[in-house]
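As written, the chains take the letters A, B, C and D, and residue 1 is the first residue of each chain.
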Amino acid sequence: MSTIAPRPGDPEINDALVREHGLSDDEYASVLRILGREPTYTELGVFSVMWSEHCSYKTSRIHLKTFPTDGPRVLQGPGENAGVIGIGDGLGICFKMESHNHPSFIEPYQGAATGVGGILRDVFTMNARPIALLNSLRFGRPEHPKTRHLVEGVVAGIAGYGNCMGVPTVGGEVAFHGCYDGNNLVNAMCVGVVEEDRIFRGIAAGPGNPVLYVGSRTGRDGIHGATMASDSFVEGEEGNRPTVQVGDPYTEKLLLEACLELMKEDSVVAIQDMGAAGLTSSSVEMAGRGGTGLRLHVDRIPRREDGMTPYECLLSESQERMLIVAAKGREDDVRQIFTKWDLEAVVVGTVTDDGMWTIVEDGVEVASIPVGPLTDEAPEYDRPRAEPADLAARQAQPELPAVGDCNEVLLQLLASPTIADKRWVWRQYDHMVRLNTLVRPGAADAAVLRVPDTEKAIAVSADCNQIHVKADPYEGAQGVIAEAARNVACVGAEPIAVTDCLNFGNPERPEVMWEFERAVTGLGDGLRALGVPVVSGNVSLYNETDATSIHPTPTIGMVGLLESRDDAVGMGLPADGGELVLLGSPRPSLGASAYAIVCHGVEQGAPPKVHWNEEKALLAVLHEGIRRRFIRAAHDAADGGLAVALAEMAITGGRNPDVGPGQGCEVNLAANPDPIARELSLFGETQGCAWAVVPTSHLADLLALSQELGCMARHCGRIGGDRIVVTDAHQTRAIDLSLAEARAAWEGGFCASVGLPQPPVRD
Amino acid sequence: MKFGIVTYPGSNCDHDAYHVVKHVLGCDATFLWHKDRDLQDVDCIILPGGFSYGDYLRCGAIARFSPITEEVARFAQHGGYVLGICNGFQVLTEAGLLPGVLRTNSQLKFICEDASLVVANGHTPWTVLCPETVVAPIAHHGGCYYADEETLGRLEGERQVVFRYAQRDGTETDEANPNGSLNNIAGITNARGNVLGMMPHPERNAESELGDASGAWIFRSIIHSFLEGTRA
Amino acid sequence: MKLRVHVTPRRGVLDPQGAAVKGGLTNLGFDGIGEVRVGKVIDLTLASTVDAEAALALGRDMARKLLANETVEDFEVEVLG
Amino acid sequence: MKLRVHVTPRRGVLDPQGAAVKGGLTNLGFDGIGEVRVGKVIDLTLASTVDAEAALALGRDMARKLLANETVEDFEVEVLG
């Protein structure tokens, strides 16, 4: 092993400095063993970020290995910048979800914006053209003093970045809960289309090939962002954070176009974006995948500021930058394209065959680390797990008195911010640019996009019910999968693959680790039952403030396929009427339900369980029924149960939300008229159920199809009038509410709760 | 008829405009690069939506100095048809090809939704075939039209206001005005009528899959006007 | 040589951003706030060693051509030294 | 009493707007332009008749609470008289 003299001006390596870099004694011992000497300051920084939770997945890796990741459609599974699932016609859908939780809490606008920027780069580095963005957001209680500011900033940041990029933001979810008061969650998902034989990967191959740096200059932004994402918050310490990264979507748009243009040619060997831990992780990962080495001249890195040290350049998280390995002799071809797009492209190093990651500053080596050990010998932990002491209490079925007035319950639920209309949010997102959005946000359970140059369409949805997951991580996680699958099935698609973003608390707490393991197992078992693989994902741990961890929040991004885009349906009740059929067997539960929380202030009870045979039969009926035109609109029962789902369909009307004032309906739920039993069937939450709208002429067809596919189906009523009416087994009207009143509650609930001015209601 | 669609750095509706004129309406179409000066013999130029130069400083402010914009101005002065959509409209006002200015929306937020427009002047080359109302989505942060009183008076007097925000049934109301534009203005032409700027995106509602397709009438109108003109 | 250019909404032209800031401040409990106007400030470093007079002229030229839209904005140029 | 608050991007923080303006000016033929930073200027009229010292303190308080985002921005307050 070569010795490297300490760089003048760098701090001396000592125990305190090692600890500040978040390396444990054992980890530091590995560093010493790998290097055969003491690390330089630069090297210490590199180990620190590469072995951070965020980059190394040291805590989660052993659990993630249990996910199903294979399948006949999988073109690229986890491990690359993003996953790819084949949809035929020589095309793949490339997608991934990622968290930007901590940065968005410190600086909501920039944190959320750069989160979107990062996930876009992950997708277009694979040579996929991004066609859609989604986001899953979790905020604290609406009345918490910080919430409004965070909501406004995060939504504006997502809008600011995505809109400028010209990628439509078509879906997502927003939920509120006190457990996020000190740790909001911002999960962003990007979906792109790639030609299946033109998928680019980040594999640094071919010793002698030049390495180019392209995009924005490097500043001192977010140094140690990766380690920050691997640490908990202490209230009041937000001031001591590193320089926040500021996004420049304009530069990223140029980078997107330049990279896609570049990848049409054969001058590029590999490409990788600089995300967390910037230049370090991108270059180390590329060399690691290629089994090669890299020699980088840090003095050639374009910089925004004077006097930056190698340590700062390597660890900076400045945005809108890429690292490219070009074919030898093709540097000028690469440069030419970037110059066309007004971007810098600079040769900063070469691929080597010595397996070493070597950094040179003005001719002097300042770091030299064997790539293999740096990546392969990253720590891996099987952290202790323990069932939470309060688990039984969490799951105890609550004794709830009946509210009695079901109209009132329905209005309260519709107006609760987690259920209420999110138009204030998605109205700020350009959700139509690129002309692919067939079913818009607010119009259905999933957005539907046409796949350019084909007859196909894809459906995308982001989901998690963290109340259910908290109550029972295993069952709750299965429910997340089931709901995501139902959401894409309700627009006519077949679920084909997922990405995930696992947001959890402090993994050093055995109860959190237990939740993590149970949730991951639940997700995996659910996906296996469905036959749907995970192709990409992300883990965000240490979402904890002042020793309080968030609810386990494993968000799922589901992609479904429609062979014919003409099949897509929405959830609104059509103006020209039809029958209402309840598909599936309700097994309603008031435990862990929105009803219990909103109407009784009780968060307790076991979540509804998934019965996969029934769930799959439901998905099949939805998919087939829509394809055969028996079903003209559908919506699954989720938060708030069957009554809320029905009301949402009535309020929405039409195929897209701007069309029509809604439609009334009258259904009979055959509910036991006893008050609490009645509330249970109306508002209890269940898996495996959806409302379907069927033209009268196809009612018999749908019932027959359901029977054939083994799914319960019950004709409950029909569309008509301007009221939402639900009768019970005695034909008594349990709910009888004017559409206008329901609509006002649902449309106004979000802004009223968070304290925002409501956008004008259009005709 | 051949359309040219300008690509500025940061344009992002250029492909949408191209798709509609080429694939939906079957015309010839080509992209015009901002650094070029060659207009490639096009008959109508579209300045598309997006965020030219990031919309930094002011929307459309920096794009007006691109070489291509100078050529577009010359083309317009000779009576060539120019359509600025959204960011393209902003560029046209900044470049002085259309009067007034587009300011930040009165609610200070980006808005994306369908807008119903009443056709205020059906006798322009852009509207001859249009029905009384069309639907075209808006997607902008700075679409609040403003001009001083004298300019506004002239625009109204000369019937240069072509589209106004309205209710679905065509009535102009304050509630239908999404961004605070004076006189509910959504689109105007220059005095000669060959240059149209509008904030709503007709290209987003030109196919029945995406809406009622009424936005296509604006493109059909200009194709019709062009063919009439060449025939005359 | 450093120049500072202020670009402010013209008198008489509605300034919704100013109104929003005023509303925000009032909500926060700041009383007695009259008019609020929000504009831009552009700080430029000039590499060239021109005199103050020439720098001012240059700044005005930049403001007129690019930095301000005189339909709705006024500007002032100042040499910061 | 009039207050002027300047809110500018913090040193070291990326200022894409400044970079775009610099590019625009350069395209326009203005040579030798070094760094350009774009910030906001907020002019406030205070109804109350406080002294300059108190007004400054008030302005700083407003800047801290609303006008500036200190994670990425710096501010300066000035009494215009």
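Going forward, a contact is a pair of C-beta atoms (placed from the backbone, for glycine too) under 8 Å apart; a residue touches a chain by one contact, two chains touch by 3 or more.
As the structure is a prediction and not an experimental result, all values here were calculated from the model.
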| item | value |
| --- | --- |
| Given subunit A and subunit C, the chains that contact each of them | B, D |
| Pair with more cross-chain C-beta pairs in contact, given B-C and A-D | A-D |
| Whole-Å gap separating subunit B and subunit C, where each centre is the average of the chain's CA atoms | 30 |
| Separation of subunit C from subunit D, taking each centre as the mean of its C-alpha atoms, in whole Å | 9 |
| Distance from the mean Cα position of subunit D to that of subunit B, given in whole angstrom | 35 |
| Multi-partner residues of subunit D (each touching 2 or more other chains) | 16, 20-21, 23-24, 28, 38 |
| Junction residues of subunit A - those touching two or more other chains | 248, 250-251, 342 |
| Contacts with 2+ other chains: residues of subunit B | 53-54, 56-57, 61-62, 65, 107 |
| Which pairs of chains touch, using the document's own definition | A-B, A-D, B-C, B-D, C-D |
| Footprint of subunit D on subunit A - complex, ascending | 106-107, 109-110, 216, 219-221, 241, 243-246, 248, 250-251, 304-305, 318-319, 342 |
| Complex contacts: residues of subunit C adjacent to subunit B | 13-14, 16-17, 20, 40, 66-67, 69, 71-72 |
| Complex interface listing, subunit B residues touching subunit D | 53-54, 56-57, 61-62, 65-66 |
| Contact footprint of subunit A on subunit B as seen in their complex | 9-10, 12-13, 15-16, 19-20, 49-51, 53-56, 107, 109-114, 137, 139, 141, 167-169, 175-176, 178, 201, 203-204, 207, 209-211 |
| Of subunit A, residues touching subunit B in the complex | 156, 159-160, 163-166, 248-251, 253-254, 341-342, 426-435, 437-438, 450, 565, 656, 658, 757, 759-763 |
